[in-house]
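Two complexes, one shared chain (subunit A), two partners (subunit B, subunit C).
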Partner chain A sequence: MDIIIKNLTHVYQPNSPFERIALQDINVSIASGTFLTIIGHTGSGKSSLLQHLNGLLKPTRGEVIVGNTVLASGSKTKDLKALRQKVGMVFQYPEHQLFEETVEKDIMFGPINFGVSTDEARRRAHKAVELVHLPKTILEKSPFDLSGGQMRRVAIAGILAIEPEVLILDEPTAGLDPRGHREIMDLFVHLNKREGLTTIMVTHNMDDAALYSDEVMVMDRGHLVVKDRPEVVFQDVDRLNQLGLDIPQTMRFLQLLSAKAEKDFVTPLFGIDETADYIAERLKKEWDGV
Partner chain B sequence: MDKETIITIDNVWFRYADDAEDWALQDIHLDVYSGEWLAITGHNGSGKSTLAKCLNGLLMPEKGEIKVRDNAITDANALWEIRRLVGMVFQNPDNQFVGTTVRDDVAFGMENHGIERGDMLKRLEASLKAVDMQEFAEREPHRLSGGQKQRVAIAGIIALEPAIVILDEATSMLDPRGKKDVLDVMRRLNEEKGITVISITHDLEEASSADRMVVMDRGKVVREGQPSHIFMEPEGLVELGLDLPFTVKLRQALKEHGHIQLSDKAFTQKELVDELWTLSSKI
Partner chain C sequence: MNIIIGQYVPGQSVIHRMDPRSKLIAVFAFVIIVFIANSWLSYAVLAAVTCAAILLSQVQLRFIYRGLRPILFVIILTFLLNAFFTRSGHELFGYGWFQLTTGGLRQAALISIRLLMIVISTTLLTLTTTPIDITDGLESLLGPLKKIRFPVHEFALMMSISLRFIPTLMEETEKIMKAQAARGVEFSSGPLLQRIKAILPLLIPLFISAFRRAEDLAMAMEARGYRGDEGRTKLRVFHWGLRDTSLLILIFLLIPVLWLLRS
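And then the complex of A and B:
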């Protein structure tokens, strides 16, 4: 499903003393099947933007077009439910989307709500729990009697069980242990590459943004600064620093090495093995006096 | 560092229901030293937050004893003193807000601690400034972005200057600069005011820079020591839900190349750069 955002502006509490412009004249198009990552400092408008994609927030001005659905200010959107079946969103704080008595019921709620049979919903719930690496025993627990990372995984499982076409992920790995972080990122990449899910992820982890995305979009105080391939976005080190952001660890290491060597070794490389290969090769050249 | 103990945890067992088979904490023995920066890490559900809540008496162990500067948490009369000594930033800041504005929220904690008004206003300003939230003083906490909420929760604790600060993944939703700023502020409080910091984190780079580190696994403390020592023995860390820090992984990848002969010593990025450079100058 293609997503097109046209002249989107969002104002919180308009015409009050607390009026706040969260998004200002955003224009983006996201082709079906893309893995897009959004980065930006605290309060830059990332979550506000995501919430427009499944109709949780309405544009103050402009419009958002998701597949055949048009979300615009003023007009009532008809098929909000159909939209939410196709566009699944994992919230920044998982507590905000858990509510049932048990984990199993919580995960089954989405599919049932969209007309799936109870048996099928249960089958999906069990499969989803496995995908997020939780033990089966958790199904009988209350979603509120869980640790932070366990809640996060249940929230993700609940969205996967809906089998959406578009995944909207608001800092989905915050609170996951390092192994869980890797496993869940691998899962998202798999869903994107193998099953073609369009994926839009907000993260503060520059390594993930660089490694997994087709495109990275940078936001600053409600504005879109740039949207391009990671190799391009992470090349502009100064701009990223100005915006309170950073480069991936691999590049930070190359920066340190460059400073020591008084040479410029910095280049957009994101994987540890590639970076090691590159350093080995560059050092060899240095030593051979090339 | 002189090792004056500020918290003792002795043989502590905790479970969420009296008849539960699983213990969230099992036989925990741990001393926390005054003025140290202690990182606690471990897989999801390993018991980190549960332990943190026991340290300020929010949860009561079923067995064992916890003392904060000689105040036992089982002593109802000491509880108030313990809460004054131990400030905690929760994993989800929504659970922590009480005020209707950011200013009220930060002030509320100070009023509770009997901080006198003149001092309070100074601290209010300084703590909001420390987390870069001065402009948000009149806003409603629940109408902030995720990271802004975390900043306000942190300001609320900084303002109190408790002897011990527990950060339960308190920077997990901050942008890279915000995270660095907050950790710098905490480090300054740690170094200049001798505040003890217990930081629960999944960020191995952050844990690496702690004085000491504890790894939990299914309710137990399974490793304890200097981060460089813990990561020196990588076996089993992945099974514990962890991973190796970036420098260690890069060092291992570099050693795959025959001509790069590195020791196992480099632990920080800077140390690894230095070693690579020494290697170059010897050629």
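And then the complex of A and C:
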């Protein structure tokens, strides 16, 4: 499902002393099936932008077009429900939204709200649990007896069971250990590549942004700075630093290496193996005296 | 969502800088003293005191109005009830059992002014004193109750912790509402029964997070050596000054003055 954002401006508490412009004149189009990552400093408007995509916030000016739904400042809540079914949103620390007696009931909660029959919702719950790599035995347990990582997967399964076409992720790996982090990211990449879910993720982790996304979008104080392929975005190290953003660890390593070797090694590479290969090749060239 | 807990308006006026204990005693005494007055002259004295307090506090009138707004309806209702149900003096206007008398009007005006002054004086207290100062002041004033084993310190601590966590809980509520809205819950539309049902997916996560937060807080306090009241000193120590003593003398002087002006 294509997403088009036109001249989107959002002002919090307009016409009051607390008035604050969160987003200013944003124009973006996101093609169906894209894995887009949004990066930016705290308060850059990332979360506000995400919340426009499924109508949790309405534009102050401009419009957001998701598939054939148009969201503008006057949109009615009735249309929003259809939009929310198509756009699944995983909030930060999604495990905080669990409340049912069993995992199964909690996962079924979303689909049932959107008018799916109980049998169908149960079928989806079983499928979703499998998707997030949890054993079926977990369905009968209370969500509050699970470990933190398992709770997060259950919460994500609860969104996947709604069977959205677009998946929105707000820092989905915050607070997970390295293994849980990798597993969750693998899950999202799988959903994006295999199931064709358009994925939009906000993260502070530059390695995730560089490794997994088709496109990276940089935001600063409510403005869109750039949206391009990760190789292009991370090329401009100085600008990222100016915006208070980091670069992926592989590039940081190349930076340090350049400083030591007094030669420029910095290039946008994100995988550890390919970076190692690149260094080896460069060094070989140096020694061969090319 | 932007809710200001407590109405404190920062300032540097004499009233702002007073010891919260003297302000608490003064307001408490004033609220009782207001009931002594029953003549126009005694009310004039009280009104003068109230106006002087407002002037001294240098708080803008719109903040006082904001504090009054929720009570305004009650004041108007009291006025109307008194005006129409008190029958004394001449009849000004009559229609069947429905009568407006001079006595009724007088009574209504006096009672409304009384209510107004009570609300203004308490509003002035919360406008010029931070919630934390009020709790600390209360703790200090209730200190003697410790002798009869009343847990004054714990009581004050409970109060300040709840005040501290109201904004946090509001934020949490908003977050969970959004998360559940994304799962198809409608909080603000749909049939009433459905909206009541929608409260559950909000309340359960909210309670769980509140309990977790309470546990974390207790642990963090204990880790920093909190052992209750015993031997605990305060970061901010109150200073009882000349102005505090004079305020109390002034307030208690009102008692004989008003007594003399009674009709």
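Please note the rule applied: the second predicted complex is superposed on the first by the 255 of 290 C-alpha atoms of A that agree within 3 Å, B and C clash if a C-alpha of one lies under 4 Å from a C-alpha of the other, contacts with A are read in each partner's own complex, and residues count from 1 in each chain.
One rule holds for everything that comes next: a residue touches a chain if its C-beta (ideal position, glycine included) is under 8 Å from a C-beta of that chain, and two chains touch if they have at least 3 such contacts.
All values derive from a computational prediction rather than experimental measurement.
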(message) Output check: A:Ala31 vs subunit B and subunit C. Expected answer is one of first, second, both, neither. What do you get?
(response) neither
(request) Report for A:Leu176: first if it touches subunit B alone, second if subunit C alone, otherwise both or neither. (result) first
(request) Could you look at A:Met206 and tell me whether it touches subunit B, subunit C, both or neither (first, second, both, neither)? (result) first
(message) I'd like to know which partner A:Ile272 touches here: subunit B for first, subunit C for second, both or neither.
(response) first
(message) According to the stated criteria, A:Glu286 is in contact with first (subunit B), second (subunit C), both, or neither; which is it?
(response) first
(request) With the two complexes superposed on chain A, say which partner A:Val232 touches: subunit B (first), subunit C (second), both, or neither. (result) neither
(request) Identify the partner contact of A:Arg84: answer first if only subunit B is touched, second if only subunit C is, both if each is, neither if none is. (result) second
(message) Which partner chains sit in contact with A:Leu257 here, subunit B, subunit C, both or neither? Use first/second/both/neither.
(response) first
(request) With the two complexes superposed on chain A, say which partner A:Phe18 touches: subunit B (first), subunit C (second), both, or neither. (result) both
(message) Give me the intersection of subunit A's contacts with subunit B and its contacts with subunit C, in residue numbers.
(response) 13, 18
(request) Could you pull out which subunit C residues touch subunit A in their complex? (result) 2, 175-176, 178-186, 188-189, 200-201, 204-205, 208-209
(request) Note which residues of subunit B are touching subunit A in the complex, please. (result) 16, 41-46, 48-49, 91-92, 94, 139-140, 143-148, 151, 169, 172-179, 202, 204-205, 238, 241-243, 246, 249-250, 253-254, 256-257, 259-260, 269-270, 272-274, 276-277, 279-280, 283
(request) Could you please specify the touching residues of subunit A with respect to subunit B in the complex? (result) 12-13, 18, 39-43, 47, 92-93, 95, 145-150, 152-153, 170-171, 174-182, 204, 206, 241, 244-246, 249-250, 252-253, 256-257, 260-261, 272-273, 275-277, 279-280, 283-284, 286-287
(message) Which residues of subunit A touch subunit C once you look at their complex with the stated criterion?
(response) 13, 18, 51, 54, 56, 77-78, 81, 84-85, 88-89, 91, 94, 96-99, 109-110, 113-114, 144, 158-159, 162
